[in-house]
Structure formats: structure tokens, C-alpha cells
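All chains are identified by letter, namely A, B, C and D, in their written order; residue positions are counted from 1 within each chain.
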Amino acid sequence: MAKLLTGFVRASGYANKVRKVLFAITKGSVKPEEVVRAAGELNRYIFKKFQELGVEKEDVIRIQAPFEVKEGLIHWNYDGVKIEVYKKDEEEKLARAMEEVEEREKALEIAIEELSRLSNKLKELSEEITKVVERIKREHTGLELNFEKE
Amino acid sequence: MAKLLTGFVRASGYANKVRKVLFAITKGSVKPEEVVRAAGELNRYIFKKFQELGVEKEDVIRIQAPFEVKEGLIHWNYDGVKIEVYKKDEEEKLARAMEEVEEREKALEIAIEELSRLSNKLKELSEEITKVVERIKREHTGLELNFEKE
Amino acid sequence: MAKLLTGFVRASGYANKVRKVLFAITKGSVKPEEVVRAAGELNRYIFKKFQELGVEKEDVIRIQAPFEVKEGLIHWNYDGVKIEVYKKDEEEKLARAMEEVEEREKALEIAIEELSRLSNKLKELSEEITKVVERIKREHTGLELNFEKE
Amino acid sequence: MAKLLTGFVRASGYANKVRKVLFAITKGSVKPEEVVRAAGELNRYIFKKFQELGVEKEDVIRIQAPFEVKEGLIHWNYDGVKIEVYKKDEEEKLARAMEEVEEREKALEIAIEELSRLSNKLKELSEEITKVVERIKREHTGLELNFEKE
């Protein structure tokens, strides 16, 4: 039985946090599609609890959620889920600190988004280059082609 | 009925020439595997004819070979194949010129081989970069992942 | 007069934080070398203050430091520097939260380091490719060379 | 004293041929700018000779031109320049063969031009990626920056 621990996080960012942590701890052993699905499932459960508990987005929360991986699927043990809530008025400094963390993460996201766009462009460009080189090999040289090497 | 025309070429290089020309004229309409197969088939036929005709590798030859493409396959019309042979002793300047062409083509091949090696490396590297960026997106941001966009 | 604000950060990570924030707020207007130098200067000053104040690495701190940029150089106004210290025993949750942030930043650093290594490799590879292509252009085509286009 | 030998080439393509061969034989020892300049100088001389000799663009020619490299500069020995001309009407097969070579070289040029465009794009893209990675390093990590490593 593994356990997802979000650590402290602003309530506004719990869903992303659950997903990031789940990716980090299941790395390799579970397909990304299943991680996204399972995170979504848990997040809907937590969202309801937040409504029951009157959690506001500026509050800081901490969640633990035990789970099992069976045949590539993530099964949450909902009985073991624990949600701690720290109200922003009582834990002012913590709330402010977590707000700062969220701001920095947004700045990081913008830069990583840009990088992702560039790396997708790079992949396309390298495929185009490979294609042109392969065409030159075919029509202008006697060199072995890529498909002949395999 | 299409026709492959090698143009003048040194006998030593006829096989490469047949293949290159066949790639150039069938571009797109026939799979590379089939082009390689069909070129090989014609080249075996020509090789036998060369032996019957006593062709030497320094001689210059010119071949035409009619063919049809049916359901993605190349069918040679062997009755229509024409092979002209110019003996090196009678066509000295032509033979020398074709030898020079062959030398330059070898120099080009070396450079293209190097380029092919680099473009394969580039493809691998760009895939590695995409993977690392995707991992960062998953574990450190809430950004949409590549597979979610499709 | 601009002001550097670190926000909450673990004492162990103050130096990196000062540098990152200084880069973010001076972006473009100051050379990287000067940012690194000025961050180092302020960090030595803060380090002494930490020793005087008995700050431990698990404590959480928050610093503000006013500065001016004159002719590309950063001048700290040391009279305006404010250092707040939150002892780990009194602000346990804050201390724990900042420790978690530090751990995540280390995980991010490892991934970015890998990316940096790959992007340096990419730069070298693309220069190599450009060189080979340029050589092919020179020795096998009549195409305009890069230096002729400028 | 080195010697440039064009080999057989169609008169229409002599200028490109001189330049390509000069690049190939001086590789590394002479700056590209000087190769281009020296090729241009010789080509103007040859052009005049062609006019005197009534050379037509379909004729095949062969040139040798001795030269010396002194302090990075190419000095042609014009007294040693030899130009052979083969009239297209007398050397029909040679003229036709050289015409074919020229056609293939044009097809190669188009492909290499495309490759050159892609490799320039690759260089720009890899610089953009390096820049974004460096920015992330500066603003989101404590990693050593590229300029600090040197």
C-alpha cells in the first residue's frame, strides 16, 4: 500500500499538486493516462470534502491518500484519506508563503510551456531534416537507407 | 508505361545509378522497399547481359528499361530493355569524364553519410529533450501533457 | 529605488533565493555577470547578519533589500535591508512547508540540469550539421554560402 | 605550386566547377572569402578566353590552372593556364553526358538548398532553446550558469 502525500499546499492548487505528486511517485510503473484519470478521480472526491468543510482557496491544506496499483490501475483507499485544513486567518504566514509558492510555480509554468512549444518544433524539424537527408541518400548516393539497416 | 533512363554512366556504377534514377522517378508513388527490390531485380538482369557482352567496369553504358506500376509493384518489361555500351578504348574522353563523375559522387557520399549520422543523432536528441520536458511538465507543472492534447 | 523581496524561504536556501529573485526583477536591464556579483555581495552581508542573529538553516527568513541600478551596476542600500527570522520551533508548519518547497526545488534542479546538458549538446550538434551542410554546398553545389548572404 | 584541374565540364558550368574544385583542394588552408575571390578572378579570365575561342555553353571544356598560396592568398599563374575545348558537334556523347551531369547537379542543389534552410532553422531553434533553459536556470534554480562555467 503506497501513500500520496501532498505536503502543504494552497487549497486553490490542490488538484495540480495531487497530479504532480502522483506522477512523481508512480514514475514508470503506471501509464500517464491512468495517472491523469486517478488524479482526477481523487480530486473530485477531495473537492466535495472541501465544500463540506467550507475550505476557501486561500486556506492551506495537506492531504494523504493511500492507494494500491493493481495491473497498472490505481485504486484509492478512500477510508484512509486524511485532509488537514489550515485557515488563512489563523495561519497567516503559512498562507502567505504558500501563495508565494503558487506565484513562482505559475512563472515556471510559463517558461516550461515555452520550452515545450520549442521542443515540439525541434522534433518536427529533426524529422524534416531526416527526411530530406534520406531523400538525398536515395536519389543522389548509393548509401544504405535507414530502413535497410534495421 | 514509364521508362527508366540511366543516362551515361560508368559500368562500375550502373547498379547505384539504376536505383537512384528509379527512386527519383517513382517518388512518392512506390514504397522504398519495392524500389530497392525492383532495382535489385533489374540489376541482376543487367549484370548477366554485361557478362554476355564482355562489358568492363571502365566502359560507359546507357540503359533504358520500360516498366509499369501495378498496385504498388514495379513490373519490368524486359523485352524493351536496351543496353548501349561504349568501350573505354574507343570513347576515351567519355570514359575519363564518367570516371571523374564517379569520383565526385564518392566524395559526396562521404559527406552525406556524415550528415545522415548527424541527423539520426539529432532525432534521438530531440526525442530525449521532449521526454525530459514532458517529465518536468508532469512533475512540476499543471500544464496539459502532449497525450492530453491529441 | 527598486526593492528585492525574497518572500518566505528556508535560511539554508537564502543565497539561491536572492540570486533567483534578482535575476527575475532585473531581467534584461542588467548583465548576468553583474547580477551574480551583486547577489554575492548582498549574500555575504546577510550571512554575517545571520551569524549575529543566530539563525539556523531550518529557520524561515524573509528579506527585503532596496537597491538602485546606475550605469548597469547594482548598488545595495544596506541601511534599508530588513531581515525577518521565524524560528523553526515557533513556526513549525511554516518551517516544514518551506522544507518541502526546498525538496521540490532540488528535484526540479536535477531535471533542469539534465535539460541544460541536452540543450548544450543540441547546440553543438546543430553547429556540426550546419558545418557539414556548408561544406557540401561549397564542394558540391554552386549555392550561395552563408557568409556571402550577410 | 599547386594546380586546379576542373576535369571535363560543360562550358555553362565552368565557373561553379572552378569554385567547387578550389574549395575542395584548399580545404582548411585558405579562408572561404579568399577562395570565392580567387575563383571569381580566374573565372573572369577564363570567360574572356572563352569569348576569344568562341566557346558555346553546350561545349565541354577542361581547364588546368596552377597557383600558389602565400600568406593565405591565392595567386594564379596565368602563364600556366590551359583550356581544352571539345565542340558539342564533334564530341556528341561527351556533350550529352556532361549535360546530364549538370541536370543531376541541379537536382542535388535543390535538395541541399532545402537542407541548408532547415539547418539554419535548427541553429536558431537550438539557440532559442538554450536561452529559455538558461532563463529557467537563472530564475528557478541555483544551478551554475553557462557563463560561470567558462
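The working rule: a contact is a pair of C-beta atoms (placed from the backbone, for glycine too) under 8 Å apart; a residue touches a chain by one contact, two chains touch by 3 or more.
Small disclaimer: the values here were computed from a predicted structure and weren't measured.
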- prompt: Counting C-beta pairs in contact, does A-D beat A-B or the other way around?
  reply: A-B
Message: Let me check something: if the centre of a chain is the mean of its CA atoms, which chain is farthest from chain D?
response: A
Between chain A and chain C, centroid-to-centroid distance (C-alpha), Å: 25
Query: How far is the middle of chain A from the middle of chain D, if each middle is the mean of its Cα atoms, in Å?
result: 52
Statement: For the pair chain A and chain B, the C-alpha centroid-to-centroid distance in angstrom is 46
Query: In chain C, which residues are in touch with two or more of the other chains?
result: 24, 107-108, 112, 115, 119, 122, 125-126, 129, 133, 136, 139-140
Field: Residues of chain A defined as touching chain B within the complex
entry: 13, 15-16, 19-20, 23-24, 27, 32-33, 35-36, 105, 108-109, 112-113, 115-116, 119-120, 122-123, 125-127, 129-130, 133-134, 136-143, 145-148
Field: Touching residues on chain C, where the partner in the complex is chain A
entry: 7-8, 24, 60, 86, 91, 93-94, 96-98, 100-101, 107-108, 115, 122, 129
Query: In their complex, what parts of chain A are in touch with chain D?
result: 104, 107-108, 111-112, 114-115, 118-119, 121-122, 125-126, 128-129, 132-133, 135-136, 139-140
